[in-house]
Amino acid sequence: MDLLLDIASAILLLTGGFFVFVGGFGVMRMPEFFTRMHAASLTDTGGAALILLGLMLQGGLTLVPFKLAAIFLFLFLTSPTASYALANAALLSGVSTACRNETGAPLPENEVDSADSKPASKSVAKTSASRTSGRKTTAKQAAEQAAPKAAARKASKKAAKKPAGKAAKKPARKAAKKAAGKPAGKKS
Amino acid sequence: MITIVFSLFLLTMLVIVAVGILRTDNLFTAVMLSGIFSLIMAANFFILDAADVALTEAVIGAGISTVLFLGALALTAEYDRSPPVGTWVPLLTSSALGGVIIFATLQAPRLGDPNAVVHKHVAPWYLDRTPELIDVPNVVTAVLASFRGYDTLGEVFVVFIACIGVMSLLGRVRPRRDSIEEDEFDKRTDNLRHHLIPRVVGKMLVPFIVLFGLYVQFHGDFGPGGGFQAGALIAAGVILYSLLEGGPRGRELVPEWFSSLLVALGAFTYTCVGVVSMAMGGRFLDYSVLSHDPVHGQHMGILIIEAGVGMTVTGVMITIFHAFSRRGIR
Amino acid sequence: MAVLGLYNYFIFAVLLMIGLYCILARTNIIKSLIGLTIFQGAVFLLYISTDKIDGGTAPIIQEGVENQIFANPLPQVLILTAIVVGISTTALALAVTVRIKEAYGTIEEDKIQEMDREL
Amino acid sequence: MEWVYFGTSIAILVTMVLAVVRGLIGPTIFDRVLAVNMFGTKTVLFLAVISFLSGRPDFLDLALAYALINFIGVLAVLLFFQSRGVRRDAEAEREADK
Amino acid sequence: MTLYDQLPALVVVVLLFTAPITYMLRLHGFPWFSAMAAVVTSFVVACSLAATTIGGETIIYEMGGWPAPYGIVLHIDALSALMAMLITGASSAALIFGAKSLADEVGEETAPAFFAAWLLCTAGLVGMVITGDAFNIFVFMEISSLSTYVLISAGPDRRALISTYRYIVMGTVGATFYLIGVGFLYMVTGTLNTADLAERVGQVEDIRLVLVAAGFVSVGLAIKAAVFPLHSWMPNAYTFAPNAVTVFIAAASTKVSLYVLMRVDYAIFQNSIANHDIQLTFFLVPLGVLALFAGSMLAIYEKNLKRLLAYSSVAQIGYIALGISMTSVAGLTGAIVHMFNHGLIKGGMFMAVACLALRYRTVNVANLAGAGKAMPWTMAAFVVGGLGLIGVPLTPGFISKWYLVLAALDEGWLGALLVAIILISSLLAVIYVWKAIEVAYFGEPRSNAVPVTEEAPLVMLIPTWIVVLAGIWIALDTSVTVGLASIAAKTLLGVEL
């Protein structure tokens, strides 16, 4: 009987481990933030479920499986919420969802390093500015790809001009509609 | 064998993250990486068989310290604009320091070798005599609360002073400067109310977090846990609530006067236990005189002072968080 | 194999160096405070790596399990105290930093020194 | 059963390393937040497997505390982000109407 | 267990017991009163402890009833009783003196927090002095430093904040160095009790770790004690703290770190590491000499009176370091006596400066002209204090310099050099004291300066003069201080009484 349990938990654990590894690998390989987010959060919950289930089988009838169930329930509730909230914040802050430009070459992601807290000196016409700054940042991004990584971080810090997080100022509903409009703008 | 492999992995990661913290210019990134630093440190402690310390480091290092740093960052700049000042002197001093330590520890006892002096002198006494003298499964709690209870008393007063300091520095709410009046501003900025899903899930979890904190508090004698960890966990629950609902609502849940009263009461309880044991003829903090049977007295003493420590740490963490969040965005 | 035993002390030395360098070289106040937490974190690692014993487990005595080898509880107690001391100092320092930002308008030590020199 | 735990914990450890690497090089801030969140959940799993590996399964409270702290950390980051964005716009408004 | 046996614990417990009460009860004027009551009670208990230890016996008090190396033990001998008396005495004098000046600097709202921090600062210092456990010294060092940060940051000027920040960083680095030293000692001996450490450190075969531990402990405590090259936090901290706080920390806080250095060095390392005294001399003498000269030079060119006195404290700490480095009974007696005397002199002078600051609203030497005539009593106290700094006979400074010179004489040619250095630095002291006195008595008050006519309030003058007269009294009847100091020196060196 416990040989069966051992085999079952071994299978569960190893697949869970594999899922988790795939998640990690995905986070490294994915070109753009939202796809990375997708890879991480999906395998997060999936991998965790498998591993914790595998451990529960090993726990026997002591208090341990209940603790594992508590952990599983907690993870199951919080990590999707955290991923959702993170994605929402990223979208509102103007992280570009584009990951391919017209020529098919992977578009380096938008540099939304938290720009310095200088008040955004842009003029009132925010959207047009964000489009120009979008193009400017993309051009700069291309240059940055060539420069070695350390220099890139220095260049991006100095030149980073954050597209104004204007969407956050308005209530969320209008922002979501507007945000949907904005990425299209950026792609042109 | 297992510990060597894992600690090798984790320690190298620790150094990589520390170098990452040093090199990044963006303070926000540094705070996030210091959160990872504490988590790796806590995982390392767990592998080195220090379960209590791992729990404390996780809850306080990764939890409370990140939240405090973010609170401070919200009120100050988040860019480390200045280029590093003349790097020769700091480089020289720190490498001299490192050199001296490496030179000194070449002869130090290996990790985990059983006949190191440390395992020979004072530690075996604690491990042998605790079941008989204090009869508490968790020897760390026994040493923390009873054998070296005076240290923990000093510890509680260190936390008490931190609360006093933050209150006297950030106590007085500053007059507003800019045009946007306060409540409208706070409505928009201070909470995550318009994020519907986190708000629902978060508020559902707050009672369970506080319950888990109380479990850790009273489970301290049998498993990893105790006053410090429990206080930080309960405070984390309240902090989660005021993150979601916003500062003013958070301060309604746990008002200022209550949390600072909790702080003073916890420290006062701890000292009272000591004074009562003096009054009953024993030495300061000698719990065996507290009741007819010494072991029972030790149990009672440890329970009360752990409650005192829990009260103080909860009160301090909540007061400090509210002091930072009430300072708000002026 | 012997060198692996000393790996913890080597990492302790490296973290101290990084922490001290971060405190001395960086003029931003919050960056120095993070350097201070790394500096203190390294000391916790030193103490806890003394308590490990081969084949030992955490010093929580389980009923019914005979002649277990336990790790040394004393450094763990000391470090429990040191962690809470560390967080108290950080909290106080952050409160002072917020007040400095409000009084001086900046948290770069060299700018603050210039402002004081003009006074 | 021993090597199963060992294999899983190695897999989790490698993912943690990948998360740290993403945390260090992640161009945007949100990558770093994602790395921290992922790292936190992986530590929870790592602790659960290790406590089984070392034969002390009653240390799972740690893993639960980790999961909880990780969630609160991410929410604190989001609130920080939101307040920063709004503060910048408030200053921008002040700048505009000056 | 009669009350008499409980005294060693009571000296700290009274302060720790009253601090939460002071913080909780927010009645008008109550915080100052409860702080005052607790500190005076603690002072009385410290005096009775000194009375019992003057016979040379040491009191051992086991905390929690656990025996020595396993539990924490309080170890009180002549030296710790003397230091406890100094700390609680300075604290009560500063509190009486500060009643009025603190009232306006510390608002009604933060008064409970301020005075609770004051109580805990005293408790931390006294706790450090009487405990016999190496890690416990670290815990109480943190209590006293954190509360000192809180007290200093209450200063009115915005520069108090930046000096508090610098003090926090340097103080924490110093305390962490001490912690590393204790960690290494624990690794090679397995125990934390100072007496137990003293025996077991000798049996350690590889002394490399013990040497490095001694190095870390000494450097850490040197930072906390503001010994010369590591003193940069002290002048600003003393200058921008509230006046009453400066009086207290100037008199007590740096001395305690020097006390811990002395006890750790002589109790633990002296009899265990071969020729440790030469290492100690090699470490402390250059620092002491540098402190003497640099401190005095900086004081001479300083315009702000409080910072002038702070730099002179750096110089005086150089004297104490010299005394410690001469591992002879006379040298140690000189160092211990100078700790006590300097506490009294500097406390009195800072009180006088506080009275001047109250009336003149500034501590800049230039515009204190005419203070001699306007505030005769305050300036007289300042002059007597200044003479004490120089070491004129009939002042406490003279006693300690006398013992230092005695000790230096029997050190051969190095001693002769030290005597010369001590005399030269006394001359330098004359210069910077005279600079203040000359402006006060002979300077013409500037036309636009607001004319100050009446003297400082009595409630501030009386404590100042009590402290100054106490200084004169112990300069004449040296039985108490030198008696305790010589017994302490003998016990430290292991010479029979």
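We call the chains A, B, C, D and E, going by the order they appear; numbering starts again at 1 in every chain.
Just so we're on the same page, a residue touches a chain if its C-beta (ideal position, glycine included) is under 8 Å from a C-beta of that chain, and two chains touch if they have at least 3 such contacts.
Just so we're clear, the structure is a prediction, and the values are computed from it rather than from any experiment.
Visitor: Using the contact definition given at the top, which chains are in touch with both chain A and chain D?
Guide: B
Visitor: Given the contact rule stated at the top, which pair of chains has the most C-beta pairs in contact?
Guide: By contact count, the leading interface is B-C.
Visitor: Please report how many Å separate the Cα centroid of chain B from that of chain E, as a whole number.
Guide: Centre separation, chain B to chain E: 32 Å.
Visitor: Measuring centre to centre with CA averages, how many angstrom lie between chain A and chain E?
Guide: One centre to the other, that is 56 Å.
Visitor: Between chain D and chain E, what is the separation of their C-alpha centroids in Å?
Guide: 47
Visitor: Do you know which chain E residues sit against two or more other chains?
Guide: Within chain E, residues 135, 139, 142, 146, 149-150, 153, 186-187, 192 contact more than one other chain.
Visitor: Hunt down the residues of chain A that sit against at least two other chains at once, touch-wise.
Guide: 74, 78, 81-82, 85, 113-114, 117, 169, in rising order.
Visitor: Specify, in ascending order, the residues of chain C that touch 2 or more different other chains.
Guide: Residue numbers touching two or more other chains: 16, 20, 23, 29, 50, 57-58, 60, 74-75, 78, 81, 85, 88-89, 92, 96-97, 99.
Visitor: Which chain pairs here would you call touching?
Guide: Every pair of chains meeting the touch criterion: A-B, A-D, B-C, B-D, B-E, C-D, C-E.
Visitor: Given the complex with chain B, which residues does chain A contribute to the contact?
Guide: Contacts found on chain A: 74, 77-78, 81-82, 84-85, 88, 113-114, 116-117, 153, 157, 169, 171-172.
Visitor: In the complex, go through chain B and note every residue touching chain A.
Guide: These residues of chain B touch chain A: 25-26, 28, 77-79, 81, 188, 192, 194-195, 197-198, 201-202, 204-205, 208.
Visitor: Enumerate the contact residues on chain D facing chain B in the complex.
Guide: 6, 9, 13, 16-17, 20, 23-24, 29, 32-33, 35-36, 39-40, 43, 46-47, 50, 53-54, 56, 58-59, 61-62, 64-66, 68-73, 75-80, 82-84, 86-87, 90, 93-94
Visitor: For the complex, which residues does chain C have touching chain D?
Guide: The contact residues of chain C facing chain D are 57-58, 60.
Visitor: So in the complex, the part of chain C that touches chain E is made up of which residues?
Guide: Checking each residue of chain C against chain E gives 16, 20, 23, 29, 32, 36, 39-40, 43, 46-47, 50, 74-75, 78, 81-82, 85, 88-89, 92-93, 96-97, 99-100, 103-104, 109, 112, 116, 119.
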